[in-house]
Each structure stands twice: as C-alpha cells, then as structure tokens.
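The structures considered in this document are given below.
Next come two complexes built around chain A: one with chain B, the other with chain C.
After this line comes the complex of A and B, so read on.
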C-alpha cells in the first residue's frame, strides 16, 4: 500500500509538477487548487503527508496546518511559500510544521523531506 | 627605403587625419568593463531562471515575474551603458528589446493584453501569431507560406476573437467556476447552450463579413467552407485528434459561419473533450479556441499520410491511406480504405498496396453538411490513387517532414483537377512500446497454460503486452461502466474511447485503420491497441480475462486468461514532465529569453533587428562593445604616459597602461617581469617560445614589396608605431612585423562569458597567390584553436569568446607563437600542399621552416 500525499497550491503548475515527480517515487498523490475541497477530502480519509502553500485565498496554509493536526496528529505537514518570512515560519514551527521551503523548491529536497516525514515518530 | 617613404606619403592623408582623433582609452575601457558587469548580472538571472524552470524545481508565476523584473532592470542598465559607450551608434537595439520585453510581459500577465488581431488570413500568419491562431492553423499556414505547398484559402478567427466572444456574452465568470466545480456535466451543458445562443460584437461581425467577401471572390462564387477548431494547444504536444467539432460544407455567408463558429466553440466544453484534457493535465477552462475558416476541397479522393510507418520496424517507408470522397471517410473510419506503403525516397515506389472495399463515401450535401453515398460497384475495389498521384502526394509529404524534421501525420485531398491539396499536418507520435516482454516477434504458441484465442489479425496501432478483463462496448453497455484496467473490445473504433484511455489496459476493435483519430489518441496515451481485427467481438466474451500481445512487427496474439508470465511491470505514467501543459506554458517565456540565435559576428545578419531573445541582445552588446574597445585602442591618445617594452625580440613595442597592467614602480623601459597584464604576458611568452621566433626573416623580393606598397586596404595601421594598450586583464596589441599588420585584442577574466581573444592579420609583401595561401593556412590554425574566422581578401579576422581564463591564456600563447611563426613564412609558401604542411606542423608544435 503506497503512501498518500496531498498537495495544496493555488497554482496548477506546482501541483502538477509535484504530482508527476512524487508519483515517480511510488507515492499516491492528490492535488488541490483550493484548501476548502482539500480539507473536505481530509475529513473523509487520511493522508500521510500534506504539502501546502502558505498564501492562498480564503483559507491559508497555517489554517490547513491547524486543521490537519486537529484531525490527524500524526500526519506531517510541509509548508511551501513564495513569501518566506520569519514570523510565519516561527508561527508554523509552533504549530508543529514538519518542514518549510521557500519557492522555488528544489524537488529533490522536497522528496527527501517527504521521505523523512514518512519515518514513524517512534523510530528516530 | 624609398619604397617605405612612398608608402608613408601615400598614406599620409590618413595619418594626419588620425592624429586629430585621440580617444580617451581609459574611459572607454571603464565603459567596457561596466557593460561586462551589467551583462554578467543579466546572464546570471537568465541562468537562474533556466535552472529553476528546468523541471528540477517547483516554481510559480510569482517567481517568474520577480525574476524577469530583475532581468528587465538589468537589461535597461546595460542598454543605457551600451548607448553611452557606443555614442548611440545602434539606435535600433532598444526598440528591439522593448518589443521582446512587451511580449514577455504579456505572457507573464495574460490579463493585461493589449488589443490583438481577431482575424488573420492564412497568408499573413507570422511566427509570433502561432499561439493566437492555434497549433493546427499555424502548421497549415507554414505548409503554405514556408513549405510552399497548396492549401485551401481561408482565414482564422484567433483566440482574441474568442476572448471577445466570451466577454461579450459574459461567460468569463462561468469559465472561472468550471474548475472549482470539477467540470460538472450539468454546468458544461449549460455553458454549451449559452455559447450556442451567444452574440458577436458588431465590429467582429463586420470583420468576418469582409473576410468572407474576399474568400467568395477567390473561389468565384462556388465555395463551401469548413469551419474547424484550432485550440491554442491543438496539434502541439498532443493532437486533440477528433476532440473538437469541425463543421463541414458551410455556406459562405456570415450567419452560417458564425453559427458554425458557435458549434466549434461549444465543443470545447463537450464532456469528451474535457475528459481528454483533464487526462492530459490541462486546465480546460483556460484553453482558448481559435477557429479556422477554410474553403472546402471538393475532393475526388482523400485521406491521411504518415511520413513514417508507425507499425513498421524500419523507418524507411511511409504509410498512406486513401478513400473516395471527403477525408472524413478515413479519419472517422466510415469505410475501409486503400493502404499504400511507399518508399520515402524518390521515385517513391509503392512497396505494398492493399486495396480496401470502399463501399461508401462522404460527399457534400446540397443542403449543407455531408452525406454518405454508395460507391458504384466497379470503383469499390479500384485504387483511389493512381501511381502518379501517389508519387506526387509522397513527394509533398516528404517536403513537409523535411521542413519540420519530424515525422508528420498529414490530411490531404485530391481535387477535381487531380491536384493534391494539404488540409492539415501535425506531429506523428512514434514511441517506444509500453512495458512488458520484448514484443519483437509474435508467435502463436500458447503461453504456458493459456491457449491462443486469436492471432495475427488486424493492425497493431501501439504495441505492448497487457492482461485484463475484456469489456465489450456495444449497444448494451456504456463507457461510463468501463472498469479500471479492463481491455476495451468494440466493433468500431471511436475517438470517444479517449474517456477511458487512461485506465484502459488495451483496445481491440473489429474494424478501423491505423490513421484514424482514435489511433492517434491511442498512441498519445500509449495504450496497446489493435484495430481491424475482424471478429474480435465474436471470439472474445465480455467479462473474460485475456492477454493481448501486440508486436512491434505488426503481429498480435490474444490468449485466454491473464498470462502473467509474459506481462511486464506497471504501465508507465503516460505524461512526462516535458509534456505537462502548465510546465510548457510557463517555460514558453524562456524562448524569448535564453536561446542564442546571434552566433557568428561575421555574418550579415549580425544586426540589432535579428535579436530575437534577451540573450541575443546581450551577445550583440558584448560584440559591439568589444569592437568599440578595439577601435578605440588603435586610436589611443598616446600623449599619455608612453612606455616601451624592453625585450630582446623587438625594440619598439610601446605600452599604455590603463589600469594595473604594469608593476607600480615601472620606469620608462619595461622588462618582461614588470608586465602585470596576463594577456600581454601570454602573447609575449608565445612569441618567445623556443623555435617560434627566428632572427633571420625570409627574403622578401622587390616585387613583393611593390605589391604591398600599392595596396590601399585597411593599411592605416602601418603609420602607427607598435603599441600595446593594457590593463591587468586587457590587451590591445597592434604590431607590424615586416609587412604584416597584426592586431590582438583580449579580455581575460575569471568569468568565461566575459572573455574574448580577437585576432586580425593583414599581410603584405608577397604575391597574391602566397597571400591567399597564407590566410588559408592561418584559418586552418585559428580554427584549430577554436576561433570563428572570416576572410576578406588577404585580411583574416578571428574571434574566440566564452572560454575560461586558462583556455584564453593558452589561446593567446598560441597567437604569440603564430605571430612569430608567420614572420618567416612568406617566401616558403610555394604551394597549397606546403601551406597545409606548415599549418599541420604549427598545430603539432613544430616550428621548423
């Protein structure tokens, strides 16, 4: 059973490229352009890792992070953003974000981060 | 020395003029270095963008806008500095950049587009309109305008007309909502209805009316039109074959054409077309539709030509399908067609002819549209193309392939006068087969316990070995029930099958041909497919498990059960990153930024007007700045501190130091050790290389000298003293050895892109034949060391650019040796063979003469 990864980014190219690259690694990937439908999907079924953009209209990445953690404390959230700033990073770390990348994100690094995120917490 | 005196007096006129023209070389050099820095900054941004958008990074439009905005700023600075340096000598350059800049900004901010042409005649389609007219129309215009073949007359309603239509009918909001509602069928139906009821801006309607008037004149009243889709992306990476509507036999009046236009636009929102796009990761709501309006060919016969036989192992033959009447018979698979396999080279001999039973044909109906008509019995089995027509069609098909350098899938028609007319040409996809055991040769032995159900029936459209449950598509079942991973079995092929292609393991149909729309789409989705298999629907039961083995050599076997032993691993993802629509769309702007088209400064088209990319403009500025520097150095104001090189070879090389070129405490006489300038050191080291320099210069005859003195070319250097203008990283050296005038100009930095070595040699003192031999010998040698060269008479110029520091210095060392070596060579160059030999020796470090 392959791991399930969710990508939320309001720019289609980010989700499309992430999907192709992560499927190569054997992950099952679903992409969303809006956080609303993504969170709805999450209520129905869990994902192992959620990669989300920070700045999105309506619901932003921090809210996604909080909702995911409330629903599934073990699901790891990786944040990507074009507007990297320290305040938000600190806020995100407080909320237990797994990793934080400024865009453009090197796909190799994202894959590596996901690989680490999938290692169960009790096995360091 | 009377001759020298005479020479001086001849040239005195120039000499006295030149005395007045003193250049402040320091300031030119500073300006030059500034441009190198500016350009370096711009190139770094270009490299960063190329890397970030290469596929290794997740990037978004915000990054692209930011990066480009930085690049544009760097370019503005560079252009201003360049204008200052060259005293505004190239006023055309800035407008050229402005136009490239505007184009890129439009791509980055599509909503901010200025008014664009809504209607363009096929004759007027230029490359920059490629996106606006859509892929299919653009290719047809190229076949006409660039390849020079006959295509029907017509015009295009561009994507800008589409934008106007959408806005005029307030459909923008509906489009925006489509994606959020995941293209829900009810919404699509509603949208199609609104398109069909849509109105047109009056101005657009008038434009169409005028264009139709011109078209009616062309076809002298008796014309009928085809109105067909040409989506922005159609026939680009993916064909969209058969996905959008084409309305045929439309009367040439504005209402009929606009109605057909609505039907074509509405087809953008058909469920099949949306499914196709979603399966290929497109954003269907963002796809804009251009529409071609073209005169129909009243065809005697028509069909499809593949310039490479996609089923054959050898790539030496092409495949032509042909039937009576209009082309829909073949692409929509209405009837059996004739199949010709033809050699790809003249005289285009047919290698195989299979005549189909062409019992029906499509013709234009009197009331508009098409009708199917029965073919008279005597013509059903008769070839629809004769040998001459076949050869002519093949010749034209190859012309198109040669133009695109890629195999083509061409729709053609033969008109009433027997003339071949090209209706469409697009890339033909030929791919490696899907995974599995190698599908080289298919035998009909059972696979383990799996008996053979059928073998060697039909045409392999796309090879592969796959197993799964058969699913029969007929009157009793629909595609909506098609299970994931099943093998689709049907009587006829249909482009509608695209809806299930991403999950279909394979497709087998009783009828069909290799050039149908469905066949194109099967290849795009890499679904193993066999068509024209005869009685597959009788032999295979719906629901039973089977294995299809479709060979590259055209053989096929169907086994009962899933023969796991011969089936390969998982089916590769059918989309590759480079095919991803959003990725290509974003990357498209790099076409106007990164490629370098302006390569050789010696060609006639090294002009501002020929710059097509930002990189071209940088290249142009670098080259012309370098020329400015070289010219300026020659006229350097030597009233400034002039020093003299104190080396054994030559007494009179004077030096002007414009920055760190000499050690600080240098007196009037400069020793080799006091030279700081890396390029000058390299040249001097080359000149003094053991063996390269001989004290005894070959004999020069009186007649050689006479010839030299009478020449008027670019000889003004001779009135100058030997002079080196230097800095730590720069050298401009103008010297005269005997009757040879040489200029070396070099900039050597730690950044390769800044570096150049320029070499110019004008030789005198020899008969014409010797001088010609000499420049050709020099050319051979210079090219060996990486120079791009140009010869004008006995003047040779060469440039090396974009080399690293070590290589630039190595080249300069060789240039020094060459200068010394050529000193001795005039007299001995008695034949071409001798000249070649000396070139060879020099390259091998042998300087004996």
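After this line comes the complex of A and C, so read on.
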C-alpha cells in the first residue's frame, strides 16, 4: 500500500507540481487550496505526511499542524512558508513539526524530507 | 523703542501733566490767600480811614482842632501799618497801588497839617481836607474792590483750570489706553495670525526686522520655533517614508516570493520530468511560467505606480459616464458573483478635470473590492452628488459586505495592507488613494461590521471649467 501525502497551499501550482513529482515516487497525493476542506478530509481518513503552507487566510499552517497532531500524533507535518519568521518556526517546532521549508522550495529536498518522515519511529 | 520704555514714557508724561495741574492749582490758592491777607489789611486801613473821616466831620461841625490831631494820629498809625505790611501788599496791589495809597495819606496829612498850622477856620483849607480825605477813601476802596474782583477772577480761573484739566486727564487716559492697546494688541493679533498659519503648516518666516521691541524678540523666537518645527516635520516625514518603505519591502518580498516559488517549482518539475511529460504538458508548464511572470510584472507595475505615480493627464470628464463605464467593466464579475448593482447618479453635475484612465482604475478597484467583500445576493450602490458648498463632486460606493474591522480602518490605505483571503496585492487602495490625492480630492471609508462599507470620494470642481472649455 502506497503512502498517502496531503498537500495544502493556496498557490495551486505548488500542489500541482508537488503532486507530479511525488506521484512519480509512488506516493498517493491529494492537494487542497484551503485548510478547511483538507482538515475535513483528514477527519475522514488518515494521511502519512501533511505538507502545508504556513500563511493562509482563515486557517493557517500552525492551526493545521495542531489539528493533525491531535487527530493523528504519528502523522508527520512538513511546513513551507514564503516568509521565514523565527517566532513561527519556534512555535511550529514546539508543536512537533517534522520539517520546515522556506519558499522557493527545492523539490528534491522536499522529497528527501518526506522519505525520512515515512521511516517509522524507533519508539513505539 | 521697547514697549516697556514706551509705557514708562507715557506714564512720565501723565505724571508731568498731573504735577502741572497740581502746581497751578496750588499757585492759584497761594495767590488767593495772599490777596485775602491784603483784604484783611485793607479792611483795617479802611476802618482807620473811616475814623479819619469821622474826625474830619467833627472838625467841620464843631471846628474842633482836637479832631485834626486825632486824624493825624490815625494817619501816622495808617502809615505805620502800610510800612509794616509793605512787603506783603506790594506783590498784591503792585508798586503803583502802594504809592497811590501812600501819596493819598501824604496829601491828606499835608492838608490836615495846613489846617492845624492855620489855626483859624479857612473854607479853602477845609475843602482841601475834605477833597484829600475823599480821595484817600476812594483810592483805598477802589483798590480793595479791584482786589476782590481779582480774587473772584482767580477762583473762576482755577475752577476753569480744574475742569479743563479734569477733561484733559480723561482724554489723555483714553488716548494713552488706545495707544497702549495698539502698541500691545496689534502685534499680539499679528503674532496670533502667524501662529495659526504655522499651525496650518506654513513655515515661512515672519517679518521681524520692523520691530525692535519685545514683540521683535517674540517673533524671533517664533521664527526659530517654526524652523525647528519644519525640520522636525521633515524628519518625521522621512522616518514615516522609511517605515512605509520597510512595509513596502516586506510586502514586495512576500508578494514576489509566491510566483517566484511557483516558477521555481515548475522549472524543477519540468527538468526532472522532462522525458515523461507530453508535449502538451510541457506547453502547459511554460504557459504557467508565463502567467506567473505576468503576475510578477503586475506586482512590479503596481509598485512602480505606487513609488512614482505619473502625473495625471487631465481632460474634462462626465463623472457619471465614467462610473457607468467602470461598472460595465466589472459587470461580468458582478453577474458571476450574483451581485446586484444600483446607480443613483445626480443630474447636471459639472464636468470634472480628471485623468480618465487613472480614475477608472480607482473605480474598478473599488467595485472589485466591494464585489469581493460581498456574498451572493449582495448589492453594490453607486451614488453621485454635488457638494456645492465645498465645490466638490461626491461619489459614494456602498457594498453590503461583511465590513472592515475598525482596527483595520486606519491601515486600509497603507501599501500592502490587504484583508483579502487570496490574491490581493495590498496595493490597490493605496494606489487609489494617491491617484485621488493627486487630483486634489479625498477618499475616506466608513464601515460597519456585518452591514457593509462605503467609500466616499470627493473630487474638486474645476473653477475655470468654462474658461478652459
């Protein structure tokens, strides 16, 4: 069974490009432009990795991070942001973010990060 | 001259005036009192003259020689009195008056002595005595009468003097107060006006060289303050510019980052997946790159508009027509969003001198904002009216959207401030603001949460409209 990756970014191209590259790696990818529908989908079924943009209107990436961690503590969350902000980064680390990418995103690095995220934790 | 000195001078003049009045009053009183002294003496003398005439009558009636001796005694007494008070009465009746009295007495004395020496009755000598006695009495009472008139004159003159000086004091007081108020109030009024114009932002210097007094010093101080203020304002503007530059740069960085990231991700995917992409996919990728480049260009254009708004190219424009045109441009978006529009345009508005393209940009921007703020079934209302009192045409654009939170209102025209959920550059309203300002107009916003927002634009009516047409 292939791993399920969720990508949330209000820039459509981010999701589109990430989807093409990640599907090439054999992942099952779903993209969302808004966090609302994405979180709804998460309630229905789990994902292995959630890649979310930080700065979105209505629900931001930190909110997504918190909700995901509450629903599925084992799901890894990778955050991307157009605007690096130390406070937000610290907040995200506290909330157990797996990785943090500033835009422009290097797709290879993102893939590498997802690969690492999918290695099961040593601890049960 | 310094005002302090002027006031001292005026007070000094006033004091001198009062001293002169007082002095002349005292002089008058002195003169009256010395004449009074003379009148007392004259009364004594008149009494003794009267006694002489009585003795004279005794002599005529009874031919009594003793009476003549009594007269002589009285004459010598009168002479003694005259001698004694000579210094007192000469200033009053003058040397000639005194001499007349003395001569009268002397002549009388000669006549009486002649009668005594003659021993027997002689009608001629008797007539002579009577005549001289009469002369003496006449002289004395004439002088006395004259002096009484003098006293009355002096009193009248003093009265007049006091009355006129009373008026002089009142008139001088009025003049002095007027002069002082002109000296003090006029420059204060002037300085007040200047201070107001400084408050209104006019930092031009006040002419101070004409005044050498305290006000000159005050004006000098105000000028220094004004210079300081101007400099501070300049600094403030600079620091505000810097601050908005900071906002601008941060905004640009953020706004540009997204399309740049998109292009970068397309490029990475394109390179990596080149062999697996179909020709149509490759074309699609490149179209996307082009679109994202266009997005960057838009941001840069807006930025340039903001950084260096071009001078408006003015032409006479029917504002109602311009509004209808702008509305037509957004009609499709309104239809898609199911938003009704209503126009209430005032008839007979004066044509305005506007840059049609810039103003259309503003209107379209406001319409699009309004449309985006509303749910379906919303209503966009556009009204125009003439504010003839202020010489302005007013355009009101009202939506029934969700409203702008009051804490956002002060920033609504700031560059890169956006409340839109996606795709807003945050430059639209700030560019609109600078366009309206460059037309000499105003734009303001009034919003109520849940009810909607009204943007009001005021544009000046051109006074020379007819002349330039």
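By our rule, the second predicted complex is superposed on the first by the 122 of 124 C-alpha atoms of A that agree within 3 Å, B and C clash if a C-alpha of one lies under 4 Å from a C-alpha of the other, contacts with A are read in each partner's own complex, and residues count from 1 in each chain.
Here, a contact is a pair of C-beta atoms (placed from the backbone, for glycine too) under 8 Å apart; a residue touches a chain by one contact, two chains touch by 3 or more.
Not measured: the values here are computed from a predicted model.
Model built by superposing both complexes on chain A: chain B and chain C clash.
In the superposition on chain A, A:23 makes contact with chain B only, not with chain C. Common to the chain B-facing and chain C-facing surfaces of chain A are residues 11, 13-14, 17-18, 20-21, 24, 82, 103-108. Within the complex, the chain C residues that touch chain A are 253-254, 257-258, 260-262, 264-266, 268-269, 272-273, 276, 288, 292, 420-422. Touching chain B in their complex are the following residues of chain A: 9, 11-14, 16-18, 20-21, 23-24, 33-34, 80, 82, 103-108, 110.
Contacts from chain A toward chain C in the complex involve residues 10-11, 13-14, 17-18, 20-21, 24, 57-58, 82-83, 103-108. Against chain A, in their complex, chain B makes its touches with residues 52, 55-63, 179-180, 281, 283, 573, 575-577, 580-583, 585-586.
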